[in-house]
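To keep things simple, chains are lettered A, B and C as they appear, and every chain counts its residues starting from 1.
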Amino acid sequence: MAQTIINVVPEGTPPVGHIFESQQMLSTFLSYIFNALPMVSYIIMLSFSLNFILYISGRVSLTFAGIYLVGAYVTVSVGTYFLGQNFSLLSFIAILLAVGLLGAAISIVVYATFERFLKTDVHRMIATSSLLMVFSGIIKIQWGTTPVTYSAPFLKMGISEVLGNIVPNYYFFMFGFSLILMLALAYFLFRTAWGLRFRATSLDGDRTMAQVCGVNQNIVTAITFAISGMLAAIAGGLYAPIAGASYGIEGNALLLAALTIIVGGVGSIGGAVLTAFIIGIARVITAVEMPLFELAIPFIIASAVLVVRPYGIWGKEFKH
Amino acid sequence: MNTALSMTVPSVGRRTWITTLIFTAIVVVLPFFISGYQRTLLQKGLLWIPSVFGVYILYSLLRQVHFGQSIFIGLGSYITAFMAGKYSVTNELMILLPLALVVSIVVAYVLGIFIMKRTGFYFAVMGIAVTMVFWSLVYKARTITGGSDGISHIKNPSLFTVPLSDMGLYYFCLIVSVGIIVLMLRVLNSSFSLQLRAIAGDLEKAESIGIPVKRMQRLAFTIAGANAGITGVLLAFSYNYVSPSVFEWGYGANFVQSAIIGGVTSFAGPVVGAFGFINLEFFISTWFANLWEIIIGLTIAIIVVTVGEKGVTGIVQTLFSKIRCK
Amino acid sequence: MSNNEQKPLLITADKLRKYYGEVKPVNDISLEIAQGQVLTLVGANGAGKTTLLNLLTGLIRPDRGEIRLLGEKITGVPPDQRAKRGIVKTFQLEHVFDDMTVFDNVRTACFSSAGKHYSLFKDIEDENEINERTGALIELFDLTGVRDAFVRNLGHGYKKVIDIAMCFAMKPKILLVDEPTSGVGEEEKYKIMDLLMNQIEANNLAAIIVEHDLHLVKELSKETIVMCDGEFIARGTPDHVFSQEKVIEILVGKGF
């Protein structure tokens, strides 16, 4: 698995380690936060992609990581083909939305033709983890194992200086985009009639009762999978201009999404966002200070949380 | 987790022992009739059996999916690579095997404290997470582990200071593997596994009749890890080469897939699964090299959807019982 | 209460407290139980009966207060060790091992009681002592007919009996019985109750029995406790307790 470990710190970041003046300390800290923004939005979307299915339909599905992989590769290919080095924000957003729709479609198809028939969580985990192999096999045939890149959006959006830090605008774009998606999702869940149906069938609600009250379980589950697939694919598309797409990145996505759920708890949007910040910033700091432990740090955080609060910091105890 | 699963573990009877004996006789004789390359495949299959048995124990007794077997195989392999390759300390199997055993037991026990804190989905993903953490550490600590290049030129092993030939290594692997099979069959028929099944059946009740749930789960995890640690050493000697790919989560998933192919309703499952997987891997990668991942992924997915965890042995059992009924 | 002075104290609970936010299922309860003393516990749903039992078995931890078993403090001891020391609880709902035979169910408890958790390499069929004991228990609880049946195929009444048999396999000192007759038909109810009371008497066990059926309560025990909103509001012989006005109000008034 040729996995690219992405160093999200761009050139121009002030050297860290020997700064004593308080102002510079603050500036360094801010630079960590800014540099963590892409990782944070990546984690938010991926973890919620997994979390959403787990919370609403009580099912475990690892397919999202495969859809993330597809999202990243398709964005790179389509972006390079249609836009090339010419970049316009609107068309990039259009590509992202199209990729999101593609992800939703894949997710629904996989659910309807396959995942629907899996009966227990154990079966779901094994079967969907095998599906991940299918996804990466298809990617390997289509794109090969060498990493592909499409960095036009990242480069063309320019940089801006915030509080003494030079930050690529794309970071803000990515964070804003994911935040808007999450807010839209929260609005949908908590302010609309359809959202109520979703919450009624969730782990917090009572599925049998909801069905008696006339909620169509199949439609709710299908839409849940669609939203999950959309989030995963868009996460892939948004992260691709920074990191490119390479064979085997789905493992990383799976790892971060799952650890975020362990830390944040099932079914909490706020918990997912806060955890994404904790893990994202911790990763950026270790990537600079102790690159060796970059992937270990999310795991260490998750282990510590498991010992102290087994159901996650913001999580409730669900039996699913 | 789900009571719809009506899976029962058979007890080890005389037939199981006879089957084990026949199996041993076959693998003892087989190398005289096949080519050297086929023998290495057979050896790989033999070495996979203990690891698959680890997954099997956790699956059939505790209903947990253990994606983390690659951790312990990796540990065993890297210990061997350091001791017999890079630093040339010793290539004595009687030192390396106990060393790998102790290290994997300690690591498994400590990891078990965190990983076994929650079961089900959380246990499975923590298994994946740990393998990836090990992978990234080994991958990045280039000066020590050689990074993605791995460590090659591992010396041939020696047993009680007698250097082993390729054939000698094959028979040593056979002894270790059959030894572990016998031990595991005993474990599966002990009161330990009875109580593990109780834990899987109803955790609260198990606790209320005095079963130390957490400790027993951790012990099961440790047994699985110890199995894999031992085979890690022998796998490294078989290939003369170790790379970070032994820590990939996909590699760990392969053992789960083997267990599923073999089936967990019969003791023959891990054996059938290990050989089945390795032969499948061999044939597909010879004929359709590009399609390997797609074919194996789809195969497992279809097996899970259609027959669940019964696997090949389960299908054979059902067929036999149908024939007998007629 | 005069019993208490003659027989040694088995369990003492001192000012136990467990709050869940505003809900106070167990509010500073003190309790003393002597060997061989059988108590019944009645109260409306949500009065805190199950919480109290769970505090005693260690399934949940008290916010305050301490529990002693034969004078030894066991407040922080986990449930599995308490079970071994003799505090055993039967469950209100079905809690049996569905995928195992009746014999294996009871045998598991016997192994656990004998402390044989980690005997990895000994065949279970060779453990003659345990198997004999299991056989005796199966006979004692009249399960011989279904000895090798899988538990998931059995009826509710059988599962209750198996649950109780597993508790007795633990050689308990005190048995905490949570609604032994819920969801069981009228006829089976008396059969289970008879079995249970006979065994409790034969082994001279202490017991706390949570029961909704007041007629049964009157027959069963010499002493009963009425619980309401996390507190004991009455204690004494059933006849005496159930004649008190406030008890009637609580038990009947709240739709009991």
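The rule we apply is simple: contacts are C-beta pairs under 8 Å (C-beta built on N, C-alpha and C of every residue); 3 or more make two chains touch, one makes a residue touch a chain.
None of these values were measured; they are calculated from a predicted model.
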Chain closest to the middle, measuring from C-alpha centroids that were averaged per chain: B
Most widely separated chain from subunit A, with each centre as the mean of CA atoms: C
Chain centre separation (subunit A, subunit B; CA means) in Å: 32
Distance between chain centroids, defined by C-alpha means - subunit A, subunit C (Å): 48
Chain centre separation in whole Å, for subunit C relative to subunit B (CA means): 42
In subunit B, residues with contacts to at least two other chains: 5
Residues on subunit B engaged by subunit A in the complex (per definition of touch): 1-2, 4-5, 59, 63-65, 67, 113-114, 117-118, 120-122, 124-126, 128-130, 132-133, 135-137, 139-141, 148, 245, 248-250, 253, 256-257, 260, 290-294, 296-301, 304-305, 308-309
Complex interface listing, subunit A residues touching subunit B: 1-3, 5, 54, 60, 114, 117-123, 125-127, 129-134, 136-138, 140-141, 251-252, 254-255, 258-259, 261-262, 291-296, 298-299, 302-303, 306-307, 310
Contact footprint of subunit C on subunit B as seen in their complex: 3, 5-8, 11-12, 183, 186-187, 189-192, 194-195, 197-198, 200-202, 204-213, 215-216, 219, 223
Subunit B-facing residues of subunit C, complex: 57, 59, 79-81, 83-84, 88-89, 91, 95-100, 104-105, 107-109, 111-113, 116-125, 127, 130, 150, 152, 163, 166-167, 169-170
